[in-house]
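Each structure below is given as structure tokens.
Note that subunit A is present in both complexes that follow, paired respectively with subunit B and with subunit C.
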Partner chain A sequence: MKIKKINFWYLTSFIISFAVAIPIITVFSSFFETTTNYSLILRDTFLYDYIYNSFILLIGVLLLTFVLGVGCAYIVSFYYFPGVNFFKWALILSFAVPAYIYAYSLTAFFENYGTAFSILKNVFGENDYNSLIPKFDGMLGAIISISFSLFGYVYVLTRASFHYQSQNLIELGKNLGFSKKKSFFKIILPSARPAIIGGLSLVAMETLSDFGSVSFFGVSTLTTGIYNAWISFDDLVLANRLSFYLLIFILGLFILENFSRKKAQYHLPSKGGFKSKVPITLSGQKSFLAFMFCFIIFFISFLFPVFQMLYWTIIFPKHFMDLNINQLFLNTILLVFLSFCFLISLAFISNYGNRVSRSKFLESLTAFSVSGYAIPGIILAVAFITFVSWFDNTVISFFKVNTIKSIFIGSILGLVLVYFIRFYSLAYNGIKSGYLKINYSIDESSYLLGYSKFKTFTKIHIPYLKNSIFLIGILISIEIIKELPITLIMRPFNFETFATTAYIFASQDLLEAAAAPSLLLILIASVFILVTSKYILKD
Partner chain B sequence: MKKISLIIALLATLAGVSFADGHSKEVNIFSARHYDSDIQLYEKFTAKTGIKVNVISGKDKALQKRIIEEEKDSKADLYITADAGRLGTFQAKGMFQRGASSKAIKAAVPSNFRTAYWTGIAKRARIIYYSPERVSASDLKEMTYENLADPKWKGKIVIRKSNNVYNQSLVASLIKNNGKKATAEWAKGVVANMARDSKGNDRAQILAVAAGEADIAVANTYYLALMLSGKKGVEQQAAAKKVKPFFPNQDGRGTHMNISGGGILKYAPNKANAIKFLEFLVTKEAQEHIVNNTFEYPMIDGVEPHELVAQMGLGFKQDLKIKVSSYGKKQADALEVMLAASWK
Partner chain C sequence: MTENFLEIDNVTFAASDKNKVSNVSLNIENEGDVICLLGPSGIGKTTILRTIAGLEKVQSGKIILKKQIISSKDTHIEPENRNISLSFQDNCLFPHYNVIQNIEFGAARNMKKKKDLSIEEVVKFLHLDHIVDKFPHEISSGEAQRASLARSLLSKPDLLLLDEPLSNVDQSFKEEIQVKLKKVLNELKITTIIVTHDSYEAFYLGSKCGIILNGQLRQYDDPYNVYHFPNSAEVVNFLNRGILIPAKVTGENSLENQDLGTIKGNFIKHYPKGSDVQLLLQPEDLEHDDRSNLKLEVVDRKFRGTNFIYTLKTLSNLLIPVFVHSHHMHQHEIDEKFGIKRPINIDHIVCF
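Here is the complex of A and B:
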């Protein structure tokens, strides 16, 4: 059956992908203008610092998330010990804690005269404990905060990959006379490599675009550098160079990630003829060690920030009382709901358009637009504002119609649109991976039965992909509950979410007051995670 | 097609949200300086004038960027932030309009702390904190900002990073007084005296002195009062008592002062209301509210600062020679000399 190249679906997908790509183009094109505010010497100092810091941060986070993510995934997949079924899902609760809230907790606990000091004083009596308490701030603090809030990506993907590893592989190791250690490094780890790299590249992308925790710890990275150069100093030359380096970092990650995905096809397990895996039951000391490893990571990644925030909420109850929880909840849920509808429906249409038109051009445009995920939210938001005002000043004012700025800037619509651009890749790729499982022959049969494209879409694809939609929807919701920089810049007057409320207090050095909104944010995100945990763990 | 019309309907509703704020009895504030107590202040203003206060708070520069891009379509009337340098730079970009020197404001606010475009609403001093156990009164005799570069303080000083705007304003004032060259030398001396690489906020500097990591810290006045108030918990309250404030340059030009303040934006749709709001902020009622919640110094005469701030010393000589509006012009130079001295 011949499919016409240009049709309704093609056009719609084109428009969606193009709309998402616009701000990304704006980011880079606006830097081709030249304005210089820093002296050359300063600019070189900055440039070196930003690249160096981003690099160290990236390496640190990747190492730590690798150890945490793969370590946990390995232990819960291959061994049985008390609590293993609990840890399987408890470890993904770390998704509920955004890196900036983790940073608040870390500082609150370890700073001079912080919570750790109080604990030591109450247990051992008055003494000078400050010099004994390790300080997790600066680069180290940023690495820890980001790692513990992101290792879940590596954990979930690696675990899924281990889950499908057949017993045969492990027996192969045994037959070859490999020790457990050798089996792990020679067989288990390499076969999970695509999943690990996939998880790590997600972590890398989020690390490079992190703004909240690095700015809290005063670590100057490429992202804060672009923010400062572009927004604070109007130095487009420096911003341009920084974006260029950021782009190189990101491109490298994309290539790595794609490479690992291609490889993944060779590793897909076939179902027949393989024995399912039986976890080894641990006992005694080994069982205790496995339990402690998982428990400590669960504690540090989730319980620690929750306890710190809970502790403050309890000893400073006034801040909790003053909070307009209903309004904050409604605002947060409104944003989640609207973004969910927008993202899912448009990502769906675009996926379908790509599927039925099978156009190389459309595919490349979509691939490009999906890179919005790699652009830091704060940069994306400003680029969106810049684009809207440029469009308004040149195109709209030419036609002498009313201004469109107030429709898109400082409105819920504008806010949801930028969320849309930022998280489009999450929605698009999520639905795409579901689509890949539907064979093209199903579409063809549907056409043969006389179904139109629209009917095929609504009657066949949507029911088929219900689970993917649900899972992706929840992931998007969690991201939006935690989202900070876009919400800060784009939101209308008198509109606060849990994230913006926490930020505003924290920026006034009132971390105690930030505790209550932070705690509620974590709780809501946790509920979303618990609802979907069985889906996240299945796939 | 039902879906498409549904989407169109949704779009229309969303757009409607942004059109709906067309009241005339309102004032729209973009604020980079936010306290939870501000809400009560706004309520007082609304009760008095019937003018509704709408607020967006956020990061300083990002808010500025939004105002610049929105241009004449911006609904923002007032921009409020901490640090005179920030206000000065935004003014230099042509984003404010005249109006901040109405009769009432002129009468209330000393000329040193306002321009025609913006006015201070509260003051803070950037001072020295020391450990009385390790630093004696004679060590500090005639202590100045300039003396922070004295080698006798080697390994004893903590101060924030060079990217901090309060440091930039302080160093800007030094450049204004002593010239760029001398200040560049001074910055090298300060860096050589640092007890550690700069990190943390102002409160962390004070805590470092309390914890014995350093003998001297440079930080704003309200941070100590905040800790002494117990709002940061009992440990920090006790720690704050281990540290004493010292007001430098008393024998010369006086201690470096800075402000938090606000200006009327160029395209303010509710200019008259914005002026009314600024005027309200410098009334006795509003000033009392501000100083008791933020621990800043009042901008007007006849209002006492918070008791804890008063305990730190009130009769000190303020640097009134240099207008705070000059900070903005020298901040870039300030950053340059600090970075040249490898000030982190």
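Here is the complex of A and C:
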């Protein structure tokens, strides 16, 4: 490496990427450490179940999110029918409902003597309806909960891709004599492939690292295995090693997709050749079917959990009254604000550092550090605690200064730092996608007009990317509002958010008490989504 | 130290191994001189501009601007500190600012510098009045190119680098803009290097032209000399304004071609009698004469507005271009016979 290359931007980027990579390195290093006998027991007993269940869960969720996400995106992008403009943004409201809250709603509605039972009893009178009501628990419940909570990723990205597909492509299909079906499968779908894969990748990572809903439904996956290895058997190394397997699994999926794509390109520069799409106006039965398809998905993904939580909040007002809403709100917003500032500013600086340094080494380090998104929140939190403890016991004690454990463990700072590692990928890649739209010659023009790198950053890049920053910031905020495992582990004593309050009640089988914090969580997240819906749909 | 305004001393320009231009030496003597670089696509012309601007580093040699080394193996002044402006071939306007805001970015630089040029003047002469409020994605590539040129001009650089500045501009504006651009550059004494593939543009705008071929600067001279006295067969072929025909030197100022007979004129280089040479024959070297007994078959005729270029086939199948004024009364159709005035006299004889 040339000494000359190490400038302020390079150094800053390096430090940020390296700091994010530390817990990931901790996970990887577990491979060289010895584990307890539990690893042998696990290998002979549950490991197969963990892998099998994770795989089934993943396949089920990917299939369902693909159908829901691509189906909705296609209908609202290519057709015009009553309510289409409403559904375009209403369908993204599902982002506001975390999978674990969806799981509570699903159980509450379909369980014996649950909401469905009450409705049937009120409408049709006393009867044994429990045997008639389907039960969505176990693996099926987990697949449904996670899918309806996450299909928004596939919907948003696919819709954006459809939105920017030129009408020329569609007309080309017609010109070649393709039927609508053939056009869809041969032209429209393949050209949206990177977006669909992008959405499904996010879904895959979220699914494999899901803790709240799988633990609620009692499905043993690799994530719950990790949790058990750490909590029940105190085997941190094994927990890390299981995470490593999880990472490899996800990495394998990416490589497979990249390999199958080869050198194919899925978009052409739109310069001069782009023609906006003209949606086909549906009428009669077709219009009704399109409306119903979108409405049912909107109802199931958003209205259903909201109504369920609202129903319980109303019929059990005591739980609502007992909540310290102001404190929960302030705590949640404090975390959102700190994480937002921290993530956006550092991800922005790191992106710019990568851009101006054009260093392969830095690029590789950053690529490695953003893989933190694939690591379950639990393991990141554990890895962080492990690292801080090691650092405290070796480096800090060597200098004989006060322990730093209390600064980083069980503190707001520690919590925000782990959020930072967990969501760095989201912030970094979000800003990067904005940067990809800025041709490098724009930077060069700026230099040639006498602007320094810093001035180029502040005068050209920040104004250009402000919408992207805002959008990414809001997406991160929504994720933090919903985040559960990291908050549970890292939060200071007696520091609760809506998510942790809901989880604590639900884990005590007090679903009706979990309703009010869940409802408030959904409402706050919905407000954030509504504020940004215009940008989400555009970008 | 050199007295030239810009000196490029034995520099190897390379963004990659593919487009490498080696051991280039050229000078711009005076402030305000305009030179043009011509060469085929992908040869490395843009790399030369980018390197002079400081966006690429030199591999060897040095670049000196106003008596200061700006690039060498050990020195690299950052682009923002060079006061050199580069107008890119492709649209590189800031996408989130409208056209006038983009142009103002240029004007904001060197505001105290004397060169007087107002935003209004530049906007007017580059025909940008109607698009000043538009954003880069709302304008055509030709308009974007003109806006970028305006921004560069207004930045009052010590050295202006223009990469194919008018390649996307409509033909209707092109000549007018060329005239005005030349006037502005001369009046404001803006030293400029223009890269272009249009030899007419280069001959018009540049006081000197550099021809880059096969990774080297083949010729650097004033436009008249580049056209009439190309220094190699490669330059002749690149300019495509004449052909090389076989001939034998028959005397101090004559040579003989199998099909055209005796050709007289002044050799610019001495060749011994009896030498076999390749003679450069340009369209204006031959004169049309219907009464001549030297008649050749017309195989093509290109109407160029002010003139026709006839392509004639000789008995030995050479294809010879001949210039004829477009008001010439007797037009010839393809396959007809076309008379060439004899004896053939060429002002200056260029041979290889």
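We take it that the second predicted complex is superposed on the first by the 498 of 539 C-alpha atoms of A that agree within 3 Å, B and C clash if a C-alpha of one lies under 4 Å from a C-alpha of the other, contacts with A are read in each partner's own complex, and residues count from 1 in each chain.
Criterion: a residue touches a chain if its C-beta (ideal position, glycine included) is under 8 Å from a C-beta of that chain, and two chains touch if they have at least 3 such contacts.
Keep in mind that this is a model prediction, so the values were computed, not measured.
In this superposed model built on subunit A, subunit B and subunit C occupy separate space and fit side by side. Of note, the Cα-centre angle with subunit A at its vertex and subunit B and subunit C at its ends comes out at 160 degrees, rounded to the nearest 10. When the shared chain is aligned, subunit C comes close enough to touch A:P463, but subunit B does not. Touch counts on subunit A: comparing subunit C and subunit B, the chain ahead is B. Once chain A of one complex is fitted onto chain A of the other, the partner contacts of A:G450 are limited to subunit C, with no touch recorded for subunit B.
In the superposition on chain A, A:I442 makes contact with subunit C only, while subunit B stays out of contact range.
Shared-chain residue A:R491: touches subunit B; no touch with subunit C. In the superposed pair of complexes, A:N326 makes contact with neither subunit B nor subunit C. In the superposition on chain A, contact is made by A:D509 with subunit B only, not with subunit C.
Between subunit B and subunit C in the chain A overlay, the least Cα distance found is 21 Å.
Shared contact residues of subunit A with subunit B and subunit C: none. Residues 37-39, 41-42, 45, 111-114, 117-118, 121, 128, 130-131, 137-138, 217-218, 220, 227-228, 231-233, 315-316, 319, 322, 338, 341, 345, 378, 381-382, 385-386, 388-389, 392-393, 403, 405-407, 409-414, 416, 485, 488-489, 491-495, 500, 504-505, 507-510, 512-513 of subunit A are the ones that touch subunit B when the two sit in their complex.
Residues 3, 7, 10-11, 14-15, 17-19, 21, 28, 34-36, 54-59, 61-66, 69-71, 73, 75, 161, 163, 197, 199-204, 207-208, 210-213, 223, 226, 231-236, 238-239, 332, 335-336, 339-340 of subunit B are the ones that touch subunit A when the two sit in their complex. Within the complex formed with subunit C, the residues of subunit A that make contact are 271-272, 437-439, 441-442, 444-453, 460, 463-464. Listed in rising order, the residues of subunit C touching subunit A in the complex are 50, 53-55, 78-81, 83-86, 88, 90, 92-96, 105-106, 108-110, 141, 148, 151, 155.
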